[in-house]
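Chain lettering (A, B, C, D, E and F) follows the sequence in which the chains are written, and residue indices restart at 1 in each chain.
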Amino acid sequence: MTTLQPTAAPLRPFLDWPIVTDPAQWQADVALLGSLHGEPYAHDQRPNDQARAPEAIRWHSKRFCYETGHYDFDTGGELRATLPPRCLDLGNVGWTAGDYGAHASQVSARVRHLWSQGAQVVVLGGDHGVTIPILDALDAVGEPVHVLQVDSHLDWREEVGGIRRGYSSPLRWASTLPAVAGMTQLGLRGIGSARRGEVEAARGWGSHLVTAEAFHAGGAEPVLATIPDGRAVYLTIDADGLDPTEMPGVMAPTPGGPRFQQLAPLLRAVARRHRIVGMDLVEVAPSFDASNGLTCVVAGRLILNVLAASWGEGGAFRRARG
Amino acid sequence: MTTLQPTAAPLRPFLDWPIVTDPAQWQADVALLGSLHGEPYAHDQRPNDQARAPEAIRWHSKRFCYETGHYDFDTGGELRATLPPRCLDLGNVGWTAGDYGAHASQVSARVRHLWSQGAQVVVLGGDHGVTIPILDALDAVGEPVHVLQVDSHLDWREEVGGIRRGYSSPLRWASTLPAVAGMTQLGLRGIGSARRGEVEAARGWGSHLVTAEAFHAGGAEPVLATIPDGRAVYLTIDADGLDPTEMPGVMAPTPGGPRFQQLAPLLRAVARRHRIVGMDLVEVAPSFDASNGLTCVVAGRLILNVLAASWGEGGAFRRARG
Amino acid sequence: MTTLQPTAAPLRPFLDWPIVTDPAQWQADVALLGSLHGEPYAHDQRPNDQARAPEAIRWHSKRFCYETGHYDFDTGGELRATLPPRCLDLGNVGWTAGDYGAHASQVSARVRHLWSQGAQVVVLGGDHGVTIPILDALDAVGEPVHVLQVDSHLDWREEVGGIRRGYSSPLRWASTLPAVAGMTQLGLRGIGSARRGEVEAARGWGSHLVTAEAFHAGGAEPVLATIPDGRAVYLTIDADGLDPTEMPGVMAPTPGGPRFQQLAPLLRAVARRHRIVGMDLVEVAPSFDASNGLTCVVAGRLILNVLAASWGEGGAFRRARG
Amino acid sequence: MTTLQPTAAPLRPFLDWPIVTDPAQWQADVALLGSLHGEPYAHDQRPNDQARAPEAIRWHSKRFCYETGHYDFDTGGELRATLPPRCLDLGNVGWTAGDYGAHASQVSARVRHLWSQGAQVVVLGGDHGVTIPILDALDAVGEPVHVLQVDSHLDWREEVGGIRRGYSSPLRWASTLPAVAGMTQLGLRGIGSARRGEVEAARGWGSHLVTAEAFHAGGAEPVLATIPDGRAVYLTIDADGLDPTEMPGVMAPTPGGPRFQQLAPLLRAVARRHRIVGMDLVEVAPSFDASNGLTCVVAGRLILNVLAASWGEGGAFRRARG
Amino acid sequence: MTTLQPTAAPLRPFLDWPIVTDPAQWQADVALLGSLHGEPYAHDQRPNDQARAPEAIRWHSKRFCYETGHYDFDTGGELRATLPPRCLDLGNVGWTAGDYGAHASQVSARVRHLWSQGAQVVVLGGDHGVTIPILDALDAVGEPVHVLQVDSHLDWREEVGGIRRGYSSPLRWASTLPAVAGMTQLGLRGIGSARRGEVEAARGWGSHLVTAEAFHAGGAEPVLATIPDGRAVYLTIDADGLDPTEMPGVMAPTPGGPRFQQLAPLLRAVARRHRIVGMDLVEVAPSFDASNGLTCVVAGRLILNVLAASWGEGGAFRRARG
Amino acid sequence: MTTLQPTAAPLRPFLDWPIVTDPAQWQADVALLGSLHGEPYAHDQRPNDQARAPEAIRWHSKRFCYETGHYDFDTGGELRATLPPRCLDLGNVGWTAGDYGAHASQVSARVRHLWSQGAQVVVLGGDHGVTIPILDALDAVGEPVHVLQVDSHLDWREEVGGIRRGYSSPLRWASTLPAVAGMTQLGLRGIGSARRGEVEAARGWGSHLVTAEAFHAGGAEPVLATIPDGRAVYLTIDADGLDPTEMPGVMAPTPGGPRFQQLAPLLRAVARRHRIVGMDLVEVAPSFDASNGLTCVVAGRLILNVLAASWGEGGAFRRARG
């Protein structure tokens, strides 16, 4: 097995969690990790602005969670009392020297290590390529997993310029993994890297494509219905999936996206019905955020809604832990 | 009775109303007053950024009401023709030398004076602490009053650091006043200063807590149903109660809030059914507003909707005045 | 007939369309034209900030349409395959020396020329006065036309300071044209230049006034029902008609407007049922746009939704062309 | 004699000075006063953005003077120990109802009252028109006064549109007053409202015109040499007189201006040689300031340099007071 | 001879000059022309942000020259009276279809046409590549020309990626032209595209390299001394040559540059001693300008200083015209 | 001896230097290190905005050094050829668990380790408290060291609130160290935390205080004269020491500071005459930087000037290494 190197400590932890950078000491119920780099399409795409997001989101912790002991009206309780005892900020995985394969192996090994402990894993990206080595570790979950994506884009390119693990490919990559049993893609709209062939490939594979307009019209239930009962879920949120009035700090603002008020209850419902074994929040570009940090505040609030619903009254993780 | 000192004239009046700073000359149907300071939690919290809001909101008058003689599609008429003859801008209450109690007494006496004339009172804050001395004057209304709050926070702290009249306490304070017969709190979400104990205290007292999500799901009618027929209403709007995409100029932007398009018709419905004897709009922080002044524009538009519905066809104030 | 002078080439074309500035070579199925100047109310209102919008919107083409050969989830296909072969960017009509009448005649003649070829015409303004010389060319359509406006304002002033073709008058002007058979005005709210008399005149003429609130409450169908079956449509979108959180770059931000997620499907439905012979998008003020160019992105996306629905499966233009 | 009405208290005092708004209690050694309005050239020029400057400059007090008891390296001492005991912030003179003449009389009377007490008067504008009623009170100084101006503009218009006391005229106005014995105008550059006739009039009267370039080339001594020995001085600083990299918050940024590092020692030299009986700092436009408030910081620092040099070791006021 | 196509009219003219877009009507004493595109190093570098600068600089005309009939203190007179009768804004040269060579030929032909009339030519870029086709027309001046450059960079690359006429090469290109008799390069500092080989080539050719530091230390005279008596001058100003506090709107801000207060008198001295037959001002990137437009204001003021000194008392053009 | 833990790798290295985070592999000629935290005065002052500066300055490497192989006009050569072979970016020292003393010991041990190798050490802060544990390692230099500070503040507080190693104390702390043989403090102006007692203590100790004004008047030589011949130098640059037009991203902008054009040649002269064994650049607050990153660009350029002069022709380090 790969020997895991220590991660880099952030300036501030996420919320008030302990920072633990030595993988030998990772014993977590909930583990948050910054992952800065996907596989770049070109040499000068690393680091990109999104690599600054893990620091930025943590920096605004006080703005999206003033105090974990106070009452959270989104979730109906105190976060500190709801969450399990071992919530850790594991710092940031930097760049592992060598080719991208070596780097990706390190990330996968870290996440596999956490999943083999039964931890719920939260990853802050980075661009959407960071999702791929996480998905590679899904086998460690030990049961089939449904991937739920929030994104304006399809991300089903088989390759771009010969690169197969870049930010345009995570859902295509997911479709090739034995551990991935199904897929729901929510928030599609506008034009990205997908061509007709990719749309047909996704549909042909069986991915449930839910456009932003369909979600505005049909609400949460049709989305929930795409996930089989009892199935574990991996959640990947691309910041440009949300409406750009709420998450302006992205590279590709596209109007008409789902809003926090729609997504927060949907994600809580998923977290009560299904064990969300892991999630990532990617593609926040801090240089383009509003001056009040709204993109980071919304990012943090989305994560808190998932965590609190997973571990609170009726939450799937709470049930699973007994 | 306390002798009332003149107030400070603003740079511009609210709309095109006469500025009258001498309390001896206050004979108003509708009276607008700036109140800059709540009781600070620490010495250096006075003045705070919110103290600049009364000037900022008036400064943008032309942007939220181009001309009072023109037709307003929000309310279906000309504001100038709808409102009663004596609409006055009474200027800003500054700081009264001495302890905060002396200052609060001055504010209360001013508002009591206006209410004893039967005026509808509009106060521009300041932080949410400015609501407290206004509520202290509610006895002058001469009938029970229901408090309707729009806010992301509960504001039910009994004290913070020994201070009982600060911005975390106005609704708790209200609950202790004989004139306050009931309470509806709309827009709750995220985490503020409230702990479980405060939530239980509010519910125990009988306050109707309506989260932002419940409002998004249920709409206006359940909110309206919490206010008894014929009951006078005092309305307090914390700018962070609205969605931060519409009111970015606040200290605590929290996603998922009610929007103007939901609140304007709700508040007009309240103003037709109930005499809104007074209202305040607090916690606008002008230093953080968008460069197009959107926070101030929304603030002004909310106030105009309340005023026009109060005094227009079917408005409760119009009915009351015969 | 007026001899048409060449237009000015923009820095970039709209999308990847050929730029053709010589009117002698205009043979278009879809023709996009920048029109910079309405009739100003005062000498120093020309040029105004809105005159910069045609360049600004084109400049952001890549942000609202990354690549015309890719799949567009708003419209369910590839724009390049959906649109007819001859889509041209005709550049910008500058100022024609002489009085405004001479200038307006040039604009009308250009648009009449395009309509007599059967082209679908898209005009980027400029202030809302630019709509008037376009409407003057409607006779070239050869059938009655319904005008559909998206705007917060009524724009029914007969004159302002003696000027009859300024930005407060386009819908009044429309009402006097034989080619205009009906009118729907969507998004009305707040206060603009309209007085009660103008509202009554509009209603008296038979214009269907749909406030923003009515649209939020009633949705698209009541709006669609105002347009007679089979009737050709001219669409005029004032950027301040949309919600100012989505189009901040306007002179008069007014809260409570319709959003892209509501307008895009409505406009696509119109484009399937009716031949939208022309459209304009006016009153974008680039100096006040958000730093991520959101106003221009939304403007571009609205236009693409109209074009793709007009020419795609079930589109009225496609039907008409057989 | 005119009865003086109370002024409006600011949100914060200048530095840590007591706020005294009742003219009956004005007993000052140094008196700071906000004056918001000059005579406007048109109705809608009141209030203008500059009317917000007195609040803005005071708001940044901590940034230009962290603590008056600490050591100031600009002036070589502690401000608190250097200044005389009675330094007062007299608040803001608002608008006096009636015509501008009535208003100007009030301002003049207030300043005359202070000068007859021997106070050093500091006025925060407002546009440059606010200087005129101050100059009208110069007779109360009781000796001839030299006017020293820092400005990019000449301000010698006899009238503009019939208005003789507007912001283009203060130095012309000064030239007509018996109390004004001489004049030095520093920082001239670029183009303003002055025509050749005004330049010749100024020179003809005997005003010493020192362009910014002459000052860059020749330094402080030639400027100092224009002021007769022992002559009292009135100093008027237009913010656009300084380089726009240092004072960006102005209506007319003009490159090539004198910088703080040149002006501060010059003004201190003046204050040691001559009794600066009064000064104003006008034309700061807070809406256009840098986000770090640099314009206000520089404004405050300029004032502090004048005050400390006037009252410190070798200062003319200190000498005069014995 | 190449037939010259009409140019594109700008939204506003430079100053109040007539706009003449038809080359057949170009009879100018001073001619201003916008040139948008140099030869790009890669396909997607056209258009670049600098292509927006000619519109941006003209847009701010009122800010750098309030009124041409007023007195300009930089130059000691009224611009309108100083300049010759035929000052024209010739609009913008857009992109000429075909390869860059065809485009460059058009630009050269236009400028040659103007120089053969004896006009003083002012070109607004565009990136620094726009200088090259202008230099190619220098033969039309009919006498040897000295090139004076203000720039932080050397611009002596023989080619970059095979492109020889890009923005890194204008001074190298100049060195190959028979009409160029000498060269002075002022403001060099920091690191650009130049390598030791280019520095040596420039020195070897005889170019006078004056670093920014040398200019700060030595002033204007050593620079003036590099230009032979009586020699005509072509002036090329790269905006990043100036200090980035004065011209922030550039792609490569480099501290330590010469300031307006140093350059304006230097350029006026050149214009009095030498006929500046042409000048360009390039590399302004409007998207990065300060919100008060300072970069454009400084650009405009530099141009005005050159023009006024050329045609005013003692100016070389005035002398030459007799 | 303390065992040194690995540092955190930054997103990007400084320039193109190798990142080496394992102290066991530190064999450097020039070593750059980020140090994030000084001793905070209060619990919530860690981390502060300045802790983000090391990432921000590296992020802008391309903007202050486009390519190390190109010619640098500030220093007259190619940086890559000038610098010694082993230039390393050692990453960031994070927070060492335990009290601040434990953390400071780690920092001191790291720097001592580098100095015992004879490396030139560059530290990016952090607030000015980060200087203290660096100074504690000065004994490892093995000879007396002169401290040269660029700062607007004196930083001679013995303690603030009981804290002796905070950002107000580094120069006082230096005065207590045997290795510190002298001190020059350049750029003093305005008001900071110093009181008269601290000024007298500094002078009493023998520190050479050079105000910004004295430097503007007297230039570099008097500063150079304060450093004894042959004496090693430690350089500490507080970003607020420079003029705030050049380094706007600071907590305390104070006008009148020295500029890059003055400091760069001064620091190069120091580096030629004296071995600058170490330097730090502290107090950059990235949240307040200009949008073009000017503060970071100036920071980078200052460092490059010191390095290139140290190791280039005539540089003291080059001489020392033979």
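Here, a contact is a pair of C-beta atoms (placed from the backbone, for glycine too) under 8 Å apart; a residue touches a chain by one contact, two chains touch by 3 or more.
Quick caveat: nothing in here was measured; it's all calculated off a predicted structure.
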{"item": "Subunit E and subunit D - chains in contact with each", "value": "F"}
{"item": "Target subunit D, source subunit C, minimum contact steps", "value": "2"}
{"item": "Pair joined by the larger number of C-beta contacts - D-F, C-E", "value": "D-F"}
{"item": "Identified repeat of the B-D interface (over half of residue pairs identical), from A-F, D-E or E-F", "value": "A-F"}
{"item": "Fraction-based call for subunit F against subunit E, same above half, different below", "value": "different"}
{"item": "Centre distance in Å when subunit C and subunit F are each reduced to the mean of their C-alpha atoms", "value": "58"}
{"item": "Euclidean distance of C-alpha centroids - subunit B vs subunit C, Å", "value": "40"}
{"item": "Multi-partner residues of subunit A (each touching 2 or more other chains)", "value": "245"}
{"item": "Category of the chain touch graph - line, ring, star, complete, other", "value": "other"}
{"item": "Which pairs of chains touch, using the document's own definition", "value": "A-B, A-C, A-F, B-C, B-D, C-E, D-E, D-F, E-F"}
{"item": "List of subunit E residues in touch with subunit F within their complex", "value": "152, 154, 188-196, 198-199, 211-213, 216, 244-245, 248, 252-256, 288"}
{"item": "Residue numbers on subunit D that touch subunit B, as the complex places them", "value": "6, 8-9, 11-12, 36, 47, 51-52, 55, 59, 92, 94-95"}
{"item": "Touching residues on subunit A, where the partner in the complex is subunit B", "value": "63-67, 69-74, 77-79, 245-246, 259-261, 264-265, 290-294, 297-298, 301"}
